[in-house]
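Think of it as A, B and C in the order they're written, each chain with its own count starting at 1.
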């Protein structure tokens, strides 16, 4: 074969110049005084596309609400925020890279991606680049025990997901069930959830069965179900995501497992849960970061019920907690901007650390690790195909139906 | 003992579903030596079509699956005839890349058109199951299993006893000689791909009824089809069924008797062991692995 | 024209010298440009270098030898997890872990290569895919060593951080070095007897055995060589990302990208995968940034067009075109269609 080093060399040189040349063009300069730019890299494609879209809607809703309120000013000029979106295709390294690119353009204020893996990667980059990020999509405690100081999570931490349901059952289920079986996916987030839930269950006097693990994102949890079938647990508590959550309910019925109640994390508050399972979803308990009866209000969104109705009018579907937590993250950032009257990442970081406000999302305040341990999670139940808040009692819309009657 | 029987039964049923997903993939690979990386996307597309049919016409999925199969047959025929046929004589990986490109387009197309919502087809009998002794047999899974068996036997009968089927096998064995005999290879290839897509559509309908689906699941089904097709072996219409049943059993037993999270690792281990000792799969024909085409 | 003729007639040592000079120029240029790029762009270009190295490595087993490994990412993941584990649990320095990860990958390749390389064609491809997926599951199920599904973090702060985090600029240089190393290996392999042996195996394995090439040894060597490079790239990736998860490190999409770059660029050549990596990464980054909703759609369309119009790969197309003075794309289609 004839070697043509000269042609090859020419091609290499030309392409390198093209690559480097285009990148050497200076990037557009960032925010001017009136418009403050926030960066948001969310998964618009890939396995988290659905939740990524809900997060984007939440951010957009917040942007519209904030910009519509003409009384909020900075230095005499009206303040507007602009959110720049990028797709990270559900991959953590792209989520981190997008933040670095935002940093190049001078965008220091960040709204997080969705998914604990993505947010974990983003938190590391945010520390290195001295940006400031408000997290709306990654609740795993592992993100917050690394000593990062620049990421603030508006959500209740992962350990609360199952614990809240355990507490609700202990408080309101009559007669009180004896045994509680824990089934869990094997990813980090779900394991943290399960550990927290099991600890609370033992402390509240339940007999704990399990935990039985199954692979993350599987649609077949029959093995785990078969293993606990003989114990005839009163409650089956699943630390799951949507796919496994639906599979658990369906396969339990197929295998003839009939506990007094099903409680699952993450899946039941998602609207598709009730629509895909139909009658099987009745009376399943779930834990949610937010519901439309949560107490608290502020000037941009009003109360939780206002949020719910206006969101429905704007986007055509009911607001889920993914929407709400995204809007809440954006809100926290905006409130910090208002307080410091600037877009400086350091000042905003300090302002966020000191924030304490009752909003449509509940109480937003961050502890020393950056987590919102001050907001309780809400326990919901699917009643007649609708998502109804049943706990805490002070904001319940209806009584919890017990036992789960098929 | 009861648990063992329950797990075995459930594993066989699951295996039937795996076989259903893989049979079209195995057909295309065995006959045309084309690895269709967009097979999973066709499965999901079939699921969406069946879901829409149920929404508009209220048709039960077991009837809707024929419509889904018909639509996908046309889609597959067109893709093969006017797109994939253009590169069939090229280096082997090219078909891979082309189908990967098709895969990207189909998945994103579905994402944009149908949105990434999780969906499932609900039926009134959806979670019924009946008891045989102490074992519970879910109804819909049983029907999917029976469908897989029926389709496999129908396919075998088709390629053995109909002219079209025989011409498909002939083109698969020796394309040059088949053309010399007057068989229109372009049409036969397109037909085969169409049939594969139609089978994917039926599999998709079953998946929609049993599980939830959304566009990002396509990759999982392609991988499933790959593993089952190779495990069973190419060139033999029973290959997908055999591979699927074995995989279903192995996964069921592994899930029950080992920690639940080792299931996937065991599945791949079985695949590798089988390939090492029977390099052409369980019932595959050696000839099909390294053909030279003209 | 006479310069061209003169250059073409230069052979052997002088030519190698010229090429070496060219490489030095390009490298100097790359290092210079590093200082003009901001952090995010540095990361993006580092990813380009990473894929250049990965595609060169794949080319050794897939392009030259013709054994298409669909599970190449397993070495990426094994090398990466090896580094993470020894840095976290044994407090190794990264510079010690890096070559060890490469060796780890190479040894693993030798072990699984023995049975797997007996398989042919698509069966080999699927078997390697099975190994990759299987190892991911194994990693998930050994949480004490690998952190399992919860991921694992390389220590970059505190007393256990033996090596300082390299930063965007540092990683740019690291990946550049790996890319150059892979290119060097690829060039050497393509020009010496070992490489000719691999090509012979690709074209007709039985004939190659008949003329005395030890096919088993050659194949295993090629496989472990590509594993060595891939393992080191994986190790560097892990250090850069700090926290890693099994799904990403054993992602089959990485293998598919490697294969795409090699095939679109031109498999069996050295320049081909380089161009493929540059082109594909650059295009996909650009599309992702500017067409947030439609980028996969457009990328898929571009891939389909590229595959239909230039199925033999860009470099081979150009070389054949120069040789036969015929650049017709339609002729391409006519040649390869049914």
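Rule of thumb we're sticking to: a residue touches a chain if its C-beta (ideal position, glycine included) is under 8 Å from a C-beta of that chain, and two chains touch if they have at least 3 such contacts.
Nothing here was measured: the structure is a model prediction, and the numbers come from that model.
J.: Chain contact graph: line, ring, star, complete or other?
T.: complete
J.: Using C-alpha centroids, which chain lies at the maximum separation from subunit B?
T.: A
J.: Between subunit A and subunit C, tell me the centre distance in angstrom, where each centre is the average of that chain's C-alpha atoms.
T.: 36
J.: Could you state the distance in Å from the CA-based centre of subunit B to that of subunit C?
T.: Subunit B and subunit C have C-alpha centres separated by 31 Å.
J.: Would you mind listing the residues of subunit A that make contact with two or more other chains?
T.: 45, 186, 215
J.: Could you list the positions in subunit B whose residues touch two or more of the other chains?
T.: 108, 259, 261, 264
J.: So which bits of subunit C are touching at least two other chains?
T.: Correct list: 137, 140, 293, 296.
J.: With touch defined as at the start, can you tell me which subunit B residues reach subunit C in the complex?
T.: Result: residues 29, 33, 35, 37, 83, 85-94, 96-98, 100-105, 107-109, 112, 185-186, 189, 219, 223, 226-227, 230, 234, 259, 261-262, 264-265, 268-269, 271-272, 275-276, 279-281, 289-290 of subunit B touch subunit C.
J.: Help me check something: in the complex, which residues belonging to subunit C touch subunit A?
T.: Result: residues 4, 7-8, 15, 18-19, 22, 25-26, 29-30, 33, 36-45, 47-48, 137, 140, 147-151, 153, 157, 165, 167-168, 237, 241-243, 245, 247-248, 270-271, 274-275, 278-279, 282, 288-289, 292-293, 295-296, 315, 318-319, 322-323 of subunit C touch subunit A.
J.: State the interface residues of subunit A toward subunit B in the complex, per the touch definition above.
T.: On the subunit A side, the touching residues are 45-47, 49-50, 53, 90, 186, 212-215, 218-220, 222-224, 226-227, 242-243, 246-247, 250, 253-256, 270, 272, 276-278, 280.
J.: Could you please specify the touching residues of subunit A with respect to subunit C in the complex?
T.: Its residues touching subunit C are 2-9, 11-13, 15-16, 18-20, 23-24, 27, 44-45, 85-87, 89, 91-94, 96-105, 117, 120-121, 124, 128-129, 140, 142, 146-147, 185-188, 191-192, 215-216.
J.: Spell out the residues on subunit B that touch subunit A in their complex, using ranges where they run on.
T.: Against subunit A, the touching part of subunit B is residues 3, 6-7, 10, 14, 108, 111, 115-120, 122, 126-127, 129, 131, 136, 138, 141, 210-212, 214-216, 251-252, 255-256, 259-261, 263-264.
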